[in-house]
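Once you've had a glance at the structure underneath, I'll fire off some questions.
For clarity, chains are labelled A, B, C and D in written order, and residue numbers in each chain start from 1.
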Amino acid sequence: MPKKSYRKAINEAIAQEMRRDTTVVVIGEDVAGGQGGTGEIDAYGGVLGVTKGLIGEFGEDRVIDTPITESGFIGMAAGAACTGLRPVVELMFVDFIGVCFDQIFNQAAKFRYMFGGKARTPLVIRSMIGGGLRAAAQHSQTLHSIFTHVPGLKVVMPSSPYDAKGLLIQAIRDDDPVIFLEHKTLYDIEEDVPDGSYTIPFGEATATREGDDVTIVALSAMVHRANAVADKLAKENISVEVIDPRTTSPFDEHAVLESISRTGRLVIVDEDTPRCSMASDIAALAAERGFSSLTAPVLRVTCPHTPVPFSPTLEDAYMPSAARIETAVRQCLGS
Amino acid sequence: MQLTRNQLLEAYRRMKRIREFEERVHAEFSRGNIPGFCHLYAGQEASGVGACIHLGDLDWIASTHRGHGHCIAKGCEIDGMMSEIFGKDRGVCRGKGGSMHIADLSKGMLGANAIVGGNPPLVIGAALSNKALRNGKVAVSFTGDGGANQGTTFESMNLAVVLKLPAIFVLENNGYGEGTGFSYHCGAKSLAERAAAFGMPAVTVDGTDFFAVAEAMRDAIARAQAGKGPSAIETICPRFYGHFVGDPQLYRSKAEIEIARKNDPLRKFRERVAEMRIVDLSLLDVIDQEVAQEIEDAVIAASAASWPDIGQLDTDVYVAY
Amino acid sequence: MPKKSYRKAINEAIAQEMRRDTTVVVIGEDVAGGQGGTGEIDAYGGVLGVTKGLIGEFGEDRVIDTPITESGFIGMAAGAACTGLRPVVELMFVDFIGVCFDQIFNQAAKFRYMFGGKARTPLVIRSMIGGGLRAAAQHSQTLHSIFTHVPGLKVVMPSSPYDAKGLLIQAIRDDDPVIFLEHKTLYDIEEDVPDGSYTIPFGEATATREGDDVTIVALSAMVHRANAVADKLAKENISVEVIDPRTTSPFDEHAVLESISRTGRLVIVDEDTPRCSMASDIAALAAERGFSSLTAPVLRVTCPHTPVPFSPTLEDAYMPSAARIETAVRQCLGS
Amino acid sequence: MQLTRNQLLEAYRRMKRIREFEERVHAEFSRGNIPGFCHLYAGQEASGVGACIHLGDLDWIASTHRGHGHCIAKGCEIDGMMSEIFGKDRGVCRGKGGSMHIADLSKGMLGANAIVGGNPPLVIGAALSNKALRNGKVAVSFTGDGGANQGTTFESMNLAVVLKLPAIFVLENNGYGEGTGFSYHCGAKSLAERAAAFGMPAVTVDGTDFFAVAEAMRDAIARAQAGKGPSAIETICPRFYGHFVGDPQLYRSKAEIEIARKNDPLRKFRERVAEMRIVDLSLLDVIDQEVAQEIEDAVIAASAASWPDIGQLDTDVYVAY
């Protein structure tokens, strides 16, 4: 199977769906780039090149560059979604939800319920999350807990190119609003990704490592750090299971409960601030419905309750590190 | 302008329906039969009906918290609307939405909206769909003078111009956002002048004159269908009642309210058609009786209807989860 | 001591601080009302009359009505806060954060950190929360978990007139941005409230009922439902402790951990949707740092993962009821 | 217009500082000495310095993601700025903010802002403070042509007019929002025309001409101080570099970039003062050398400086928690 990057897998998923279904359109700031300029069209193809080439194949009626006006175009995508199109709209950095949140959480997410089941809103909002690029407080957040909190939204956080393609195709075919969160440090990782189109259902976790001593639930980029820790500890015969939920809403509760029923120990790794986070949400699930399985405190490895700092030394300390994950695992093993 | 006799009769029927509907909602609310908040459209009928008279089910509109009139103007069934406002299972939204969220997509009605400035982005989205589907249909946003100051409205205007969308912004200036007057809350001379600066044709018309609104709409629709993009129409149309049912209206004088009521759009319509000698006023009297009966039936059905079953609490959140 | 309503207590707190400190200003939509009209000024005094009378005493330079433009005036208040004023700005219904969230969570909340400690933002954002008025999906939310998630914000949720006054005076004197959430069903409840000014520190929970069998942590209006259940069960000699954290950020972790160290059982009552909620947050705290105390699963009594329905029958079923709270308490008692 | 000889020398010093600072940041970034993203202001110096020349430390400004120039124009220390951009503990924000969040409130600089459209509401807040404190000071928002389409900018303009705030909107039109051109992203003829429709005086000036900007600013300040409210000034000022350091700029032609560089605001300034015969050009050459040295010193200090201590990760979140 051909190796493809996370970026390429996402681009391919969109292109294949656009070929399959003419109602799929791409909307966002510089998703092509160059409109109104003296140079080339498709000058960017998205700031990080994820949508590059789409305008060439599908034209400017289906790859629509917008002014910098997120409430306007995210809301436009939501309105288009319940009137005949299947927009894949890009919110460049997730940190920008502040200027368009109403159109997402009060409008798109609630139409179906408020209208008594009469609306369908097949909308995909793609957005970049996460730290690591020294992009500072307003360009490095994850904010997935906020979307997960909102009924009516589905939230997807692929950690690998293979999952990214399958989950995005699923998202585009899905009839509900889907928040698709791409971690900006993953775009260049590569793995085998089929050329053909395939879907991965929402709400199905995957175990990236299997083990019996401790369960780690990790999200998005954190899955890779958790895997590294699992591999390291395996050499000491500490058997760590790593679960990647892949979607936080719907969330695969069964997979987590089943794993802790075997391990009795849970560590959650979440690149987010701790309060009212996914880390808390998963810990609460364990304390409520997995309580009888638990043999040790549920430990959360998260970012601190602070904005994301700019300076590299501070940002590195901000992110959940392999070292902190390992410490947590050892702690709940009582070693 | 080319409105057929039947269109005029239908226009009157819808204006009358709105008036009677709102008067009855006011009464039922005061009797405690309607939960929550209600914002009445009485006095503004000519704006909504004038704007919708040229539209069909495939044209889209979206409304505000003051949505009953727009729904009726667009052709929604008052039976389902009344039951919805009563919170009953047979309501058009199964009792889940209520007055501020009435919607009927099958009639091209994308919903009332309890967020001021909430609908313009959605409306340009509907316009984008129409443009993509090349169906020659338009999308109309109803926005109040207060909502016209909201950033979402401005962004949508610019975006509609940039993408040449078949969108029409009907800016209903009733002089107040809640208890704050236009002369205070808006720094521009008029909503039309400000909209024009965004790069679209914009006019101010008498929103109590059905014919003036309908004519401005015809031009806006023609422009949209020609692929030239959006237009804005500011309609001056004071409301008869307060901001919400129960509002003591301390912010406006009795005199001002009287003037508004003198400018009754239904009376004006009758006078105008009388002059034009196209429809016999007795036909309008018949409509009055028919509408009164419709409303009565809708209230009886709503009152008798059952509440939603608790089992519906967690349905309709997702198509599939 | 004179009996005062929650509404009156809030009004009095603002008035007393405005007298004490001329830099305190009130900003919002119809906080007075009547500007630009043909009738009276102070026509509303806030949609529910909470700020009534302030413009009469302090004038329109200090009681500022705004157009409907929340990003504009909430951001204006944030900017004024770090340049010499102490604004008390009203976001009429908390459901409207969607149109102004950026100015709250990326701007006001992050100034101090991004600027290396050089900014102070003494800002109070007052807002109405909660269900019960049949106000439907866009006027009935609580959303406190979203604010609590954001570093840099403090979040206050008074459940009584006495607390409302003391916490609001504290909020106005506080040098950080404070989100002050008033439950719309509490405005008319009355209790003894001193005429003089007093403050209640943030991060200090209060026990509204004391007991040894089960700990209930309840927020805002839910405190009253929890108290009712505690009183009912007391008659059966089931001893329930009810803890009202009063502020969710900072949060009094010690009070909760201390209580469960005695009871071993925890029920959390939170008027909010369940995912990534305060209910989850408190459960996670117990599972992590109170684990050794726990003798039963931590139970959460929340709203379902749905928007708020309009119809009275549905909204009543949506809210955490005394019956559901009682069932949860009995369940963790194994009875 | 009444600019003293010393003001002109200071204006040149600040423009030169900006130019040299940005050229050096470009070089250091390319060498890998600067983390994150940097957006350079080179080519737009006359806009920022012209706007700030009449301002003191008690007047407020707030900036965008392209903030270095505005900071320097307002008088911030380049030493602390350079260290901040390097991410060092001695940076003006202790390394916590970086290029997109440089702020120095003691200099009346409310911060760069990484949210497009983020600053206008904050700026009118600073204007509200000045109005309340009756100190005769103003507050200035720098907003790009892209940011001028953001709802927050429109809302702030209307609010400033409504409340008659001493605010000034400097709309820096460099022709692009990232890689999207003005003729595409803005439906209005000009930013000034659209701003005017909000109810304030608005002019378009050559943003590469320091004197034109300074003169427009003088009028805007006078109006603000007279209690008449806000003004808008659109400054046309193309950037020399790409949107961010490393941008291949495929969206604009080589020819366009050359024209921009031909319109070098510093060269224009030198020519103009030469004509005016107020300052001897040799004085400007001295400034050039002084500035070069300042920058060199700032980079040496920044390079040598230590990183923030990990202990600072969770400080400065709250005044007290």
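Keep in mind that, in the parts below, a contact is a pair of C-beta atoms (placed from the backbone, for glycine too) under 8 Å apart; a residue touches a chain by one contact, two chains touch by 3 or more.
In this text, all values refer to a predicted model and were calculated from it rather than measured experimentally.
Where touching is counted per the definition, the chains common to chain A and chain C are B, D. Each chain gets a centre from the mean of its Cα atoms; for chain B and chain D, those two points are 45 Å apart.
Rounded to a whole number, the gap between the C-alpha centres of chain C and chain D is 39 angstrom. Put simply, the C-alpha centre of chain B and that of chain C have 35 angstrom between them.
Annotation for chain B: residues touching 2 or more other chains are 91, 93, 95-97, 101, 113, 115, 118, 149-152, 155, 158, 162, 184-186, 317.
Across the assembly, chain C contributes residues 66-67, 69, 71-72, 95-96, 98-99, 102-103, 106, 113-114, 136-138, 151-152, 304-307, 309 that each touch 2 or more other chains. Under the stated contact rule, the graph of chain-to-chain touches is complete, every pair of chains being in contact. Contact residues of chain D toward chain B in the complex are 149-152, 154-155, 157-158, 160-162, 184-189, 193-194, 196-200.
Remark: chain B residues 35-37, 87-89, 91, 93, 95-98, 100-101, 113-118, 146-147, 149-152, 176-186, 248-253, 255-256, 307-308, 310, 312-314, 317 touch chain C in the complex. Contact residues of chain C toward chain B in the complex are 29-30, 33-40, 43-44, 47, 65-69, 71-72, 95-96, 98-99, 133-139, 304-307, 309-314, 317-318. Residue ranges of chain A in contact with chain C, taken from their complex: 71, 95-99, 101-106, 109-110, 113-114, 136-138, 145-146, 148-152, 249, 251, 273, 275-281, 283-284, 286-289, 291-292, 294, 296-300, 304-307, 309. Against chain C, the residues of chain D that register as touching in their complex are 60, 62, 91-97, 101, 103-106, 110-111, 113, 115, 118, 120-126, 128-130, 132-133, 139, 151-152, 155-156, 158-159, 162-163, 315-321.
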